[in-house]
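Okay, so subunit A shows up in both of these, paired with subunit B first and subunit C after.
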Partner chain A sequence: MHARDGSLKWSLVGPTLILLIAFNVFPLLYNIFLSFTNAELVGEGARNVGGANYARIFSDPIWQAALRRTALFVLCAVGVELLLGFSLALALKKDFKGKHVVLTTLLVPMMLSPAVMGLYWNFVLNGNYGILNQALSALGLGEPQWLTDRDLKFWSILLVDIWMWTPFMMLIALAGLSAIPNSIYEAAEIDRASRWQVFRHVTLPMCAPLLGLAVLFRATDALKQFDLVMATTGPNDASTQTLSTLLYQSTFREGKIGLGSAWACTVLVVVLALATVFTRYVERMRKTQEAT
Partner chain B sequence: MKLLRWLVITLGFLFAALPLVWMGMSSLKHQADTINPHPKFVPSLSAVAEPESHTFEVTGEAYAGLAVLHAGAQASFWEHLWNSVIIGVLSTLASVLLGTCCAYGFSRFRIAGAKDWLFFILSTRFMPPLAVVVPVLMMYRKLDLQGTHLGLVLLYTVFNLSLAVWLMKGFLDEIPRAFEEAALVDGYSRASAFLRVVLPEARTGMAVTAVFCLISAWNEYGFAMTLNSSGAVTVPAYFAGLQGNIEGMPWPQVAAGALVFVVPIVLFTILVRDHLLRGVTFGTIKQ
Partner chain C sequence: MTRLELDRISHRLGTTQVLREVSLAVEHGEFVTVVGPSGCGKSTLLRVAAGLIEPDAGALRLDGVEVNGWEPRRRDVAMVFQNYALYPHLSVERNLAFPLENARLSREAIRERVRASAELLGLGPLLARKPAELSGGQMQRVALGRAIVRDPRYFLFDEPLSNLDPRLRAELRVEIAALQRRLGIPTLYVTHDQAEALSLGSRVCVMWEGALEQVGSPREVWERPTSTRVATLLGSPAMNLLRLRIEAGRAVLGDLRLEVPPTARGNQIVLGIRPHELELGGELQLQVEWIEEQGDRQVLEGSVGQQRLRVVGALGNGLKPGSSIGIRLGSARRHWFEAGSGKRIHAP
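And then the complex of A and B:
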């Protein structure tokens, strides 16, 4: 490399790195500082309160409930979407006429805005005039109050999430399936392996690395769940409040920036842990990809 | 087995498509037909007399109504859509420009700690918007950027950089180095070899990256709502603000607006179909 490349390469990567640091690292550090104060959204003169915000978070049942609820949401969303997405991918593996159209239609929901679609789903799920209940009652299946029943709201939001993100799992699963060479299946046929054995010992293990990546992607995303909850029940609903909406509620509706920042810091620890797992995973996958 | 396969495909297809079909249908109804306890799913061009029938009169009223100012909103749907367009397009251009340069740097030069930098860039995408928004809000208040187009353009540019860098790095890595080396031998400078030889080769990658940046800026809600509640409000924030409307939800208009809002995305999805996998996984999976 030439000596003048030195300044060229930093002028290429520099602006991006500076912007990312300015908008991510700096706010993070500032958040940590704020989390030890009693800063409020309006008014000046924040005081240092030591670890009081953190003490409050770890003893407040509302925070803990939101934490558990978010964990349940991530678990259910990722699990169901993986199962449905993988089933769809298995069904769609073989070519058929019109596959292109079917596949594209199936993929559309994940490209749409969760906030806008969440609002629209209010209309579909409405207890009185929503089309879902009209269809259910025509079939004699009753009329559940999807978005007002305390025990049901959470699952309704999950349903919308499944509608939006099953395609994501399907897309990645399809990539995994199509990467399995046909010769392996042919060899299994010669060995008279049963359908289940082929699935268990060939299909599943060969798709596993990609599915793992898909699960990590979805898990970090579902952990941030905000848009759908805001669009359906709002941020302050005791049975649907997730980490992000609780953060929003205490920071912006109640104006408690100090407390919100402390909460954000604890959420970040979780997110960063997941992100580290994720990046390690990607790195390992790249290495094995390069090796083959 | 074959039956099961078709059952799965059919159910999946209906689950994905029916809500969108219903959205299209609802956008062509009168308000009263959308909240009627009898489902209306048979379109008709003439007025319908019996309220219990399943027929509804097709009307373009909802689309005309998109120009109307609703209670609690500051502007009509079209003005909010315009905000979304400006912010989406400008931030996309900036992200792709910066991201391509940065990716080229990482792709072709030896940079100290390159791997760590790249993973730092990727990890910024995992940050929940709500966790960084307060300091950004305070900074924007000082700089008078709150509620402006520029403020969100800047934020979305940064937000999409991780996507742009990772996608572009994948595309640039696939362009043989021999191209530039030949150009360097021909007397091009490094910079002009990048501009005149590499960039034309990378144009598909740049177009694909642009589409994904645009979609992600177009759909973003968390930052849009917290930073721009008073000016330059984008469509997702505007729609969310309609909730709890005292006039009752104008469902046909919500459906019409949502449809207008998602049609470009659907078209773009079809356009980048072959690169979809790459786009949604930040280029970590290539086909």
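And then the complex of A and C:
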């Protein structure tokens, strides 16, 4: 009986396990192995180079710049999205006529593919034929090169990301706001709290757990920023390179597989660290929710 | 000294007229309860009194001063909610201190007043806890503490005990009554529990579809309900209402011919009799259909002829659904109501 139970168990779980190993575990291990070699896409066989790839990553200014840029991107994107999204949610909390239409419209950017988003914003921000510059020049305000100016293009991509993901923050904040029972607001009003005090002592702290969740979620996502950069400036632009695009550039364009693998491993560690914080946070939230 | 006066308050929510010209004054030190079925507008009335809802029409006065349009903060009112409405992220101590923090008191004064009201309600050991770590009864005590900590001009209670189990309810009922008597602050207390309304209120308002059906002392509304609505709302099990034919100036109930008030009109009349006032053993045969055991007594439900009737009494064993038992009106108080309007027929 036991033996048959066992074989049934394995026959059910087995296929999934094999696929997992083939597509997740093996690539990961192989990637770690490659990161210690000088493997290249074309050319002779790989040779063990020890920690040389890692040493290079942590000393090469290009890699460091990409790391710093990504950190700045995450901070700015998530920060602004949080502020804007929460403000929008506060504005949309009350019922009004046509609320559903407004909400749906606001959610459109989030639902479109990032590639479409990048192309669309290309039409808007393009220095020569972009709608924005046509409007600006008509008003005599000059024509900033949004996507090619070295000092501007990073911020342009940031703008697109904010435009895309603010609705997500708004949606989560809205869920948090609507979970606060009305009687708490009434109690605060009775307790003579001013509008600011209600916001500071009721709305904000009661929304905070859900907002924290959204921030973590967005941060891990923004850390992997790839598609928007690819669609607007491409992977080999020194002033917009993020962790992921630089990884792509060196691995697939320059064919430096060993170096790219080492880079991928470091990114993985950072994302894993954030993901751990993320799951711990969710777990803690679930526990406090159960207590209430 | 505070006197709260509601003067012909009307309010509409959507297409429903929730309040119809409600007038009521709560004198200083008075405990007024409002009882009514759910949806009768009693909670809206309370929110109007609090300033959370601005009524469509009518005036609200505090010591003769009209306070329409005043925000709750200016009215200096305290309110206790059915779901407690504690701030879940704050400790009990901070919950109690919250109304004071908004009043710009010194830190010392706040601590002193929080300590005093915590002591009054036995909350001392709970001060460091969060609401999620409290039982329902403890939460409602904290909500009470938060209401009294500020020494408000008037109290409003919105079904504060209905989320608690019966034992706690009885316990807190006594506490609330004692607290209010001690503080002497005028109180408006809304409930759907008729026992609570009768036991707490020095005056009871019975509300029906947005209007006050009857206002009076607990004895008054119990002994002389002005309508069949009030009569059925107060008392459990509810008062029996028998629709009787009048023949030759007498109401017909089975073989009985009952004398009716001389002011009665028409050929029909409603007789109201409380189930526990009916006596066992007598000329009316009750066809028993259902017996509800209540330990020390039983509630019998059945019919006398065409009339549905309930009787409460200590019957002992032996009685089964399907059997019949003799009952009589005996000395039971007879309430007469008009068959059409349901209004009480007052004997001259």
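Definition applied: the second predicted complex is superposed on the first by the 262 of 292 C-alpha atoms of A that agree within 3 Å, B and C clash if a C-alpha of one lies under 4 Å from a C-alpha of the other, contacts with A are read in each partner's own complex, and residues count from 1 in each chain.
Here is the rule we use: a residue touches a chain if its C-beta (ideal position, glycine included) is under 8 Å from a C-beta of that chain, and two chains touch if they have at least 3 such contacts.
Worth saying up front: this structure is predicted, and the values here are computed from it rather than measured.
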item	value
Superposition on subunit A - do subunit B and subunit C clash or fit	fit
Partner with the higher number of touched subunit A residues, subunit C or subunit B	B
C-alpha centroid angle, subunit C to subunit B via subunit A, nearest 10°	90
Contacts of A:A115 with subunit B and subunit C, given as first, second, both or neither	first
Touching partner for A:I184 - first (subunit B), second (subunit C), both, neither	second
Which of subunit B and subunit C A:N48 touches, first, second, both or neither	neither
Which of subunit B and subunit C A:S194 touches, first, second, both or neither	second
Which of subunit B and subunit C A:M206 touches, first, second, both or neither	second
Subunit C versus subunit B - closest C-alpha approach in the superposed model, Å	17
On subunit A, positions contacted by subunit B and by subunit C	none
Complex contacts: residues of subunit C adjacent to subunit A	47, 50, 52, 71-73, 76-79, 81-83, 85-90, 98-99, 102-103, 131-133, 146, 150
Residues on subunit A engaged by subunit B in the complex (per definition of touch)	1-2, 4-5, 8-10, 12-13, 15-17, 19-20, 22-24, 26-28, 30-31, 34, 84, 87-88, 90-92, 102, 104-117, 119-124, 128-129, 131, 134-135, 138, 163, 166-168, 170-172, 175, 178, 195, 210, 213-214, 217, 220, 223-224, 226-227, 230-231, 234, 243-244, 247-248, 251-252, 257, 260-261, 264-265, 267-268, 271-272, 274-276, 278-279, 282-283, 285-286
Residue ranges of subunit A touching subunit C (in the complex, touch as defined)	181, 183-184, 186-194, 197, 201-202, 205-206, 288, 291-292
Contact footprint of subunit A on subunit B as seen in their complex	1, 4-6, 8-9, 12-13, 15-17, 19-20, 22-23, 26, 34-39, 98-99, 101-102, 104-106, 109-111, 115, 117, 119-124, 126-136, 138-139, 155, 157-159, 161-162, 165, 190-191, 215, 218-219, 221-222, 225-226, 235-237, 239-240, 242-243, 249, 251, 254-255, 258, 261-262, 265-266, 268-270, 273, 276-277, 280-281, 284-285, 287
